[in-house]
């Protein structure tokens, strides 16, 4: 019976948004309760739906016609339902946490209104059954992120970051939209030309219809479409080269970073690729044998981003920025999973990637909330000014340590005991290796494994610098209130134990596309046996990273000041984030677009088209002429007479020339 | 229930005359609101009775006028005119409400606004070319006064430039009308200015040269009004100098006359013109050029209002593009763009007006952080800006989506170019917001207050409408699509596009 | 004498009149030049009349002579009135109205 | 012979004499009523003309006068103009001791114009021309203490008599060639002997006639008297000149030139086109830089002359009709405008007895507040002159430009199209200086308080306004009228 009310999953938060926005001031605690209740409702319905459809491998499909052959609809299949539960659950926890975190902010109603709108939009992304609704919700999600990053709009940096986030993701969105345009055109053409028919009650842009049309669509077109979609994903999920906005997005409240820029929104890109995976998988393999082009590119972009972001994570001093880069890098892992695993085990890749997505959601949200709690207590973001916090903030410290373990993917192989990250990430790395084995291309694997090492180094660097040693600044700090710590503990539990659900999870997700399109995904070849070293390696690098950080930042065995100095070009490069902000914002944004193109356009418009042609050539000439001719009117009557006689003579001559006559 | 349309046109006219004669501003604005309100009600009645499934003229009326020239007062509505009539009747009352506080020569002010309503309603409903032209011209005069009496520092220049520039365009259009009229006359032997009749006989003209000449003359007449690059330069001046109400009417209604012309006149002729392929390309180029050019120039502006003016140019570019694409849904998308831009641009110009009025400047650089003191305005302005940059869920998105998606069938390259512009569209909107509204408050502005209630109210209503039509375009979109399909039957018939 | 002689003479008179109008300063002389023009036309008329052998021309001439007289009277009247207010009839000085 | 058809002229002539005699007998104070008398007479003859019907035909005095639709239309124009002028003059010349002469002359001028309108013989034409001209010479200089009025009169007189001399010369040549002064006979002759018809002597004759008529029409290069005279003479008289006697030139041109030129089949389209274009452009361009409104109106009426003379370029029935319509419209608009200026002058003088250049643009500031009716009427006249619908000006231009466009299409001649486009650009340009005055009237603040607008002026102006808008709103009968008038010429 829950599934009948699936629409409410989105509608409840929307209602909460409207009410909170307009009369939040009057409600208790700035109207925090309403959104919390609404999102709790969404979570319950999602969970109930899950319980309903899980046993009987069912899916929920509802859809209503909208305009011009488009529709609005709901599609809850395994892929969607797990996302639904995760999003609503994490969002719920973070809302509760926010009650404490935002307690001092006077604009609470706006905050809660926007977050609940965000939740609604995100849920709508997850359960939309057609690409257009997906895109629309996706844009609204972006809008909310824009609003929430700029929540403290009076901070210029916040306003700038909000704008940057929106614009950079906008680039991706335009690619996405172009993809939709291409898709729509191709669909209509095969409908017109190749006798493809949209079944009764289905609509042209529904995923179902799209997947059924795949075999008919021109392969190269399919590659374009999928790559354009992936462009959108790059924007949203902060993949290289559109990753720059995510670290800046940390200008928003930490809860926002946790909810939007770690747990949920940024994963929308991954979700998009997962959602349209069949199309990616169906693209022709021209670049590398047996690997669909789109997947290959997804894999490389993902892998590179994983490594690239991790390197910057090493040197950041803003606690939230470290986490932000770690998010980017982890998203890279998910993309990598979709690419490599997709190439070797097909649709199962979705399960692998999604599992990491969800476990990441738990421990990354946890990390951010811990960071939030630290910031809340210390009042600064700079880890160089922290230190020795563990004594004062036991809960935060412990939970954050757990989260760090999960992120680093620490666990015990072979007996399968470990944190969530252990299962999810190792699976990805193994698949990357398998991909290397089968396709003879180990680069993605190299990306993955190196990134794993760096990951564990920077996260433990962070933990050690923040929680151990002696305080590096005399800031009084205290443990956060219960309303904040309890969500931490809950998330910590998930970060620890969620991993054990992996097998069931994989099985469930593998059925995903069969359930929708009805056709069985071709069973992939048995995953080959791997030498233990390969299985061990991820854990080894994880532990290694821990030890390195321990050595450097706790025991201070070797002095970093040599390395960490503005002389060191590598360090500078990293610290300046590969000069991405400079290139992106300043050069392309301001210099090129505004100063060069726009201003020259302005010049042409005002000075040449308008100034020269309209005003000077036409206007002034006439005035001058008028002034001149006017002076011919001398007022002396003989001149008038002369003019008359002159004219007379001229006319006669003119006509005599014209026809001689006698 | 006949004569609804002429009633709808007559009431504002009477209202205008009464308003001119009133003594106090209270009376003036009350009567203005009353008259436009009644007109709105009538248009709503028409709208509710309108059958959006048929493409023929509905609520037609016809009265003899000048027999010897074959002129008669023909009015009527179809899916092309109806939405714009509705738009006009929505915009004008809201403008009156927005300008509720006008003190300078209030009776003239409101009277002129009503006259504008009369003019545009006449243009959108008249089906006789002669009458059409007369209304087309009449619209200029009140706008000239609105700019020249209530305008800014360079109002003289702007007003006269607007007047002459657009007047030249309409005279050129008149020449084309002459030729159509003469052509139809020679064929049938009886003079008639009936619009459809003239358009139908266009195909009979022998010389392709003459056909193209007529076509281009008409096109010129319309795209100057829209305005499209490179004939747009009157617009920024007019907008910058005009009072807020003037800008609102100018952008929301007068520009739409150009677009209306495209659908009512240009598209029926296009398939029969001398060289359709070339002309389509020409229109597409004009459209895309307007989109990109307008976008980049908006990016360069320092004056908020001027920026909005250029954004209008780029948005009207979508109309040209969609019309040129000659795909049913692209055409109806273009029509929808007219409708939605009419609503959105109101909000933008009203925001500019409120800021100007409260902060005393519109220069983006001199503003900053005004959100602190003007929360309500900020909320509405942000909503308007988002709508303008095509955020889904707002009417603008539907229009642009339809245009882009469907134009791709016939004009792929142009669509790609247009898509390229979208990023920058978002760019200048957000950049302006960031510098003018957000950030730290610029103390030099002194103490500023939020918009007055009536201003906020009218903007709020508009935002609600924008969202409503963004979520549920069907009420107007269906009738547009019906007519678009009917228009394009001939195009396909002629095999201009396959 | 042939018709052309008359025409020639009248042409000469016309030319003199025209020349005078262009060159003369005094209002009176201008009036006289105008009379010359009119009379050259009259000469034409009469000449043609006898050449064509019908009287219309002469009638016309008489009409025009009468009119010319009236015209002259009006002209003098205006000049006199002007002289009263401006103390001059030198047309070069009479140019308040210009441009 | 049915003298009813000539009754209007007769009435007016007698009335003129009566007025003179009454003037002799009356005391100065009571002379004001003469205005009403003449107005009544004009009204009577208007009624007579209408009573006779617009389409009646008749000829008099051995076919030297003819009555036909063309003459009727123009008679109507002249009569209406004179009526408006007379009504306005009641106020303008109130308590002037020479009113009797003024009205008598005005009536005679009207008679002269009407004679020209129906002249069917060169002699009659010449006589009518001279009658109208001489009366107006005097009227122009009627303020005999005012130097500029006298100067205007003098210039008008000299140029006028010069061009009438030219005209006479031309007529003498025509007579010489054709041996007749009766216009139909002349045309007949031309038709029958083309050899002579195309002789250069003939061309010369035609040019002389053009000069003669062009002087009245104020066609470049025969226009130069017009600005000075219109500016200098009393506003009411300027109104008469611009609205009335100008049209006399046109009707004469229609009667003689059109027919003759059609007959002698020499193509001087191009020549006329050039003349027309130069004239309209000249008028508009110079008008832009004027501050004296009367002078501006003068130049604008030169421009209008340019438009009307487009009718000669393509001598189709449509174009002639357009010319007639525009002439009619222009009579109303320009007449009304000058009267309005007169009222402004009255206003200025009531502020300050001895104000100089009273028609300066500055005096129009805030007129919308000071004299609402006048301002609104001027507003109407200006928009009408600019050709904005719905107005007489628009209808006239509409038909005229239409006819030429059609010719351009028919002859597939690009240069004709260019002519139209230039004409169109001109009428767009003219908006500039009209709008400037409108701006002064409605945008700028008034420099004085509201005045009471004298009834006679208001009546006169409103007559013109009603005519202007009326023709715009219901042009049907007028278009018919013009068409019939054009049909007479049988082109």
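What to note about this one:
As written, the chain order gives the labels A, B, C and D, with residue 1 at the start of each chain.
As a working rule, contacts are C-beta pairs under 8 Å (C-beta built on N, C-alpha and C of every residue); 3 or more make two chains touch, one makes a residue touch a chain.
What you are looking at is a predicted structure, and each value in this text was computed from that prediction instead of being measured.
Chain pairs A-C and B-D differ in how many C-beta pairs are in contact, and the one with more is B-D.
Comparing chain C-alpha centroids with the centroid of the full set of protein C-alpha atoms picks out B as the closest.
Rounded to a whole number, the gap between the C-alpha centres of chain A and chain C is 97 angstrom.
Centroid to centroid, with C-alpha atoms defining each point, chain B and chain D lie 42 Å apart. Note: centroid distance chain A to chain D, computed from Cα atoms, is 78 Å. If you average the Cα atoms of chain C and of chain D, the two centres end up 26 Å apart. Among all residues of chain D, those that touch two or more other chains are 154-155, 158, 162, 166, 227-228, 429. Of all residues in chain C, those touching 2 or more other chains are 21, 30, 91, 94-98, listed in ascending order. Among the residues of chain B, none is found touching two or more other chains. Chain pairs that touch, as defined above: A-B, A-C, A-D, B-D, C-D. If you check the complex, the residues on chain D that touch chain B are 383, 388-390, 398, 401-402, 405-406, 409, 412, 420-421, 424-425, 427-429, 431-432, 435-436, 439, 442-443, 474-476, 479-480, 483.
Chain C meets chain D in the complex at residues 14, 17, 21, 27, 30, 34, 37-38, 40-42, 44-45, 47-49, 51-52, 54, 56-57, 59-60, 63-64, 67, 70-71, 74-75, 77-79, 81-82, 84-86, 91, 94-98.
Only residues 630-631, 633-638, 641-642, 645 of chain A touch chain C when the two sit together in their complex. The residues of chain A lying in touch with chain D in their complex are 622-623, 625-627, 629-630, 633, 635, 637, 639-641, 643-644, 646-648, 651-652, 654-656, 658-662. Looking at the complex, you find that chain B touches chain D at residues 65-69, 133-134, 137-138, 140-141, 144-145, 148-149, 156, 159-160, 163-164, 167-168, 171-172, 174-175, 178-179, 181-182, 207, 210.
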